[in-house]
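Next come two complexes built around chain A: one with chain B, the other with chain C.
Here is the complex of A and B:
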């Protein structure tokens, strides 16, 4: 007992360990820096006066700071409707996606589910083949979903890739948990919502993050299904701002009267405006990545 | 009795209500739907200019404006779905356009292209311009009308303060240009004591053959025969090699930015604004011409900077620059073959070719987007608020046509009388030194694209581009490039020249 309570001696680290740690930290630090500097530059550019940017393209601390680029962004009327649309799409889409994921994945973990293999094959089929743009457009039109935000939410609501991850995760949970609940008199619904669902929070947080980021960044479905500009999501508005139309017209051998090319700093501020809100979501979900796979249960 | 009385009352009610209902239906305005390509800042909903446009035409206009960056995707889906709006900005005069017209999606405008239905386009459009929308495989009929761009004077902008500092004049010939460029690169024109300036930057992103430069050497487009009726590809003309020699010399002396090969689209604009370049050539974009907008950008970075517009380069000993222009078409508009509102759609297109509609779409509504409009100079003064409104409600992209007869609907840049005067002076100066030589592009002639595909497949064009760049940079000798042009390039493009000859293409130009 006495020996057990003694504080263990610190293991002395050898030169090899220190060298490996030094190299590891250096490489990881440099890599982190390489990832971070472009984003830092985008933020700094967005606050830099244009004349200073012209004089020095790589100034990490300009002499003066300005909000001019943000004022220009805010003048775009569709920025605000874009924000509203994107928040709706991301929130409703993510919640809906998580609900459908759980409700679909859990039954597929049941080996006695009739037609389980066929259902899974049908799901996997959609990973490799899609109906194509035009048939999907006709489908949306026949469902009366053109020019609605639902057309941007529903097609991506339940992806097969996420479904496989979710199913595998649930299959990896200790079976004894479910057995114990069933012995205690719980039915399948109660098992799902009281036992399985709480244990799925880490995977839900992870997939939820992927989904919300996916919806936040989505724009192509709006190009196809939205004919009114007030239905555009934020990313589409942003894409329009940073786009240079002159290049496209030159490729088509057309002669444009004017080129629609936004100033560089406007592009930078647009990127900040479009990415900062979704970045704010990460810290709240980060802890779930660190959490263990099993939050509680019985010993095997 | 009661039933009869009730019946009589009901009949009377219907009879009295009927005229009112009919009157209501007659009073309702037709709504014409339209697909249009518009920039991101343009606000479609509750746009007072679109409302005024509808009032002018006598019907409402409902515009679908897909993202400008993905316009073609959306347009293609509309075409595939078969649910076309009444009016379509097609933005294509090539294969897609021909196919859609062949499929019967567009109305054949030829029967309507007369003084009864489309008098304004008939008056405005030249046969050269119409040739861009005629479909040879459909009896040469017209299935859309071209939006012809303002006839611009391609120009070259110079730093006037640098010219003044070095006692130099605006150059007119290639030799003078090279001299000025070298002086800008070597004589510290900004007076900061540092060797940090270049004369100019050749932008390959904007295409290596710039009209306003080639004019200084007398290079003809491949589609244009010489005085003996012989077609020679542009690259095989002796004058083209003189042009490359000229570039090579400027590269060697340092007059030209040595990093020209890496310039991306519009990147040289930034360098010019930053005060690193003293010369900037401007292709087709009228806005570039010595505008106040550019001046404002300059003033921020270079408070003492001044700009001056120069003409395209002219051959030694000539008094004007002969610049070759094919029809300057900026997209085209078609009518849905199944439109319910044919009369309105024709009226819509017809009115699009008037000053009235052009000015409305470009300048907007008095009091909202401008204070005062000067019809003579085609310019408007604006308050700060009106400038912001103008960004939302008007755009050159919204126009149906851009030029009237041979005059050109010049829209003067600038928001004040002083700005407009500056622009107009530059425009007139450049125009006086430019002789426009019109010709037709031959790219749509049958067989041309097949030859071009073969040239690309064999890598001949990429080899030429590589050799050309190496030659400009002094990495290969002249003989090597000339040998390639004579022995490889010329035989490869001969079928194209044969097609031009067989069609007597541009023979009268």
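Here is the complex of A and C:
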């Protein structure tokens, strides 16, 4: 993914070479495994049949596989309302966020635009200081947004950090195309959408990925702004299942003669159900991670 | 547009007209900034009032810093303050160097496929939510039938109550934090490493430097600026521990060490309804945080390194 530092091919490998290679291959490899193994275990558990789990909790390769836990999870109505809410939040939030990001960042790249300095200062100040939880809660309340999905979308639409990354990226683009278009009589909106935007796709993909993951995974705004269960996003439903009584509730939904599963297995399959969609986004956008992601000073 | 040289003095109206599209683009962002960032700052006034729903922010009486006096007299407040600082200092000392070390190691891996695979696996945990991670961790760490305790028992040890004891709370927070973010944290350093001129390494090879020397004299200085900026950000965030992680792992058994500013504000404000008092707590946290970030940035500037703003 990252271009290796190109060292010329060596004829001899010295002691230092072997030592550095051994350490880096082993430690990095081990850390990667530690990152991955819990996922593997969750997936295996989610397919483990109830009776085999009762026999041995720690059988890490069951002789039979089953979908019974998934069937129970799928029948839990709040999984579906959670899905619906989360998809709405993530899709609308990300689209809105990208539009706002481009529109706000582009004028800030115009070095001699009057008022640019002030707007930048106002943004940067928000990195250090904020109203805090309670005043933000009151804002949502007075706008009548409590128990709406908008309360979980709007406050996170645009952050200063992304704005800086976007502005720096546009500033790094070659300016000649833009000048040529302006001389040809194009206005700023045309320049932005016809010339700048197509060149910004890598950074938009990267920041879009961060935004969609952020919306998908967050439960903080929901726990504050959504008290009604049908407004809960997936993560809050999952929290109920994993940490509270959600898994027991699922079992109670079942009629006596139907299959039951252990709360633990239900938790594992709920985790898989809630995580798979966002994991699918990851490989597609992985190649963009490195492009244009340079943490630089805010000031030029 | 505005970069084209202007010969005669133009009135502000012509200037505005010429740049009207640029200013139009600014409007949605400005509206967002004012409504969602600056209006809540105005709400901080509540911290100085006996806030009352009927009267609102405009009508509630000011109370001569009563909330702050109460705050500084409360033992609970000092516990919360100490918990927040201890946890974030631990983060700074234990967690902060790990992505740097990992990035240096990954940088030394020459086999492209191996490098790619380790990176892909390391980035994975960043993409799951705290709820999912918390769910995995609490199940695997549980005293009853958790996998980790089963392994400990098998190795001849005694079961550890990771989740229900104040002694292990910080350990769990730090370890889960490393697991989730350390791999992802390497990205920023790896992109700095990729920008190092390969000729430096070639020249060093010609001069007979070994790989340790190259790491010490080329690679590390190459990411020094990035380390400084990340450090400034981290120290500036010393008052923040993040709500989502702490709240998930918090329970009655560990609350004496797990109550930090974020969870405390939530508990007394949103749940308890003491709006003025919890706004005061939030304001205190914010002011200290702002002082921290300004001072670390000034120190970084004095040292001649990179600065954040």
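Just so it is clear, the second predicted complex is superposed on the first by the 218 of 300 C-alpha atoms of A that agree within 3 Å, B and C clash if a C-alpha of one lies under 4 Å from a C-alpha of the other, contacts with A are read in each partner's own complex, and residues count from 1 in each chain.
Throughout what follows, a residue touches a chain if its C-beta (ideal position, glycine included) is under 8 Å from a C-beta of that chain, and two chains touch if they have at least 3 such contacts.
Worth saying up front: this structure is predicted, and the values here are computed from it rather than measured.
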Margin query: Between chain B and chain C, whom does A:55 touch in the aligned arrangement: first, second, both, or neither?
Written below: first
Next item on the list: Considering only touches as defined above, state whether A:200 meets chain B (first), chain C (second), both or neither.
Entry: neither
Notebook entry, point to check: Which of the two partners, first being chain B and second being chain C, lies in contact with A:224: first, second, both, or neither?
Noted result: both
Notebook entry, point to check: Looking at the overlay, does A:232 come into contact with chain B only (first), chain C only (second), both, or neither?
Noted result: first
Next item on the list: Using the superposition on chain A described above, determine whether A:133 touches chain B (first), chain C (second), both, or neither.
Entry: both
Note to self: Once chain A of both complexes is superposed, is A:266 in touch with chain B (first), chain C (second), both, or neither?
What the structure shows: neither
Check: Of chain B and chain C, which one touches more of chain A's residues?
Finding: C
Margin query: For A:243, using the defined touch cut-off, is the partner it touches chain B, chain C, both, or neither? Pick first, second, both or neither.
Written below: both
Next item on the list: Have a look at where A:114 lands relative to chain B and chain C in the superposition and call it first, second, both or neither.
Entry: second
Note to self: By the touch definition above, which chain A residues appear in both interfaces, chain B in one complex and chain C in the other?
What the structure shows: 133-134, 137-138, 220, 223-224, 236, 239, 243, 264
Check: What residues of chain B sit close enough to touch chain A in their complex?
Finding: 39-41, 43-45, 64-70, 73-74, 77, 80-81, 91-92, 149-150, 206-207, 265-266, 270, 273-275, 284-287, 297, 300-301, 328-331, 388, 391-392, 396-397, 399, 402, 441, 443
Next item on the list: Name, in rising order, each residue of chain A that touches chain C in their complex.
Entry: 1-8, 14, 16-17, 19-21, 23-25, 27-29, 31-36, 38-39, 41-42, 57-58, 100, 103-104, 106-107, 110-115, 119, 122-124, 126, 128-139, 154-155, 157-158, 182, 187-189, 192, 213, 216-220, 223-224, 235-236, 238-239, 242-243, 264, 267-268, 271, 274-275, 278-279, 282, 286, 289-290, 293-295, 297-299
Check: Can you list the chain C residues touching chain A in their complex?
Finding: 1-3, 15, 19, 21-26, 28-30, 32-33, 35-44, 46, 57, 102, 104-112, 114-125, 127-132, 134-136, 138-140, 145, 147, 150, 179, 182-183, 187-188, 190-194, 196, 198, 201-202, 205, 210-212, 215, 226, 229-230, 236, 243-244, 247-248, 262, 265-266, 269-270, 275, 278-279, 282-283, 285-286, 289-290, 293-294, 306-309
Checklist line | Residue ranges of chain A touching chain B (in the complex, touch as defined) | finding: 49-51, 54-55, 75-78, 133-134, 137-138, 141, 220, 223-224, 227-230, 232, 236-237, 239-241, 243-250, 252-261, 264
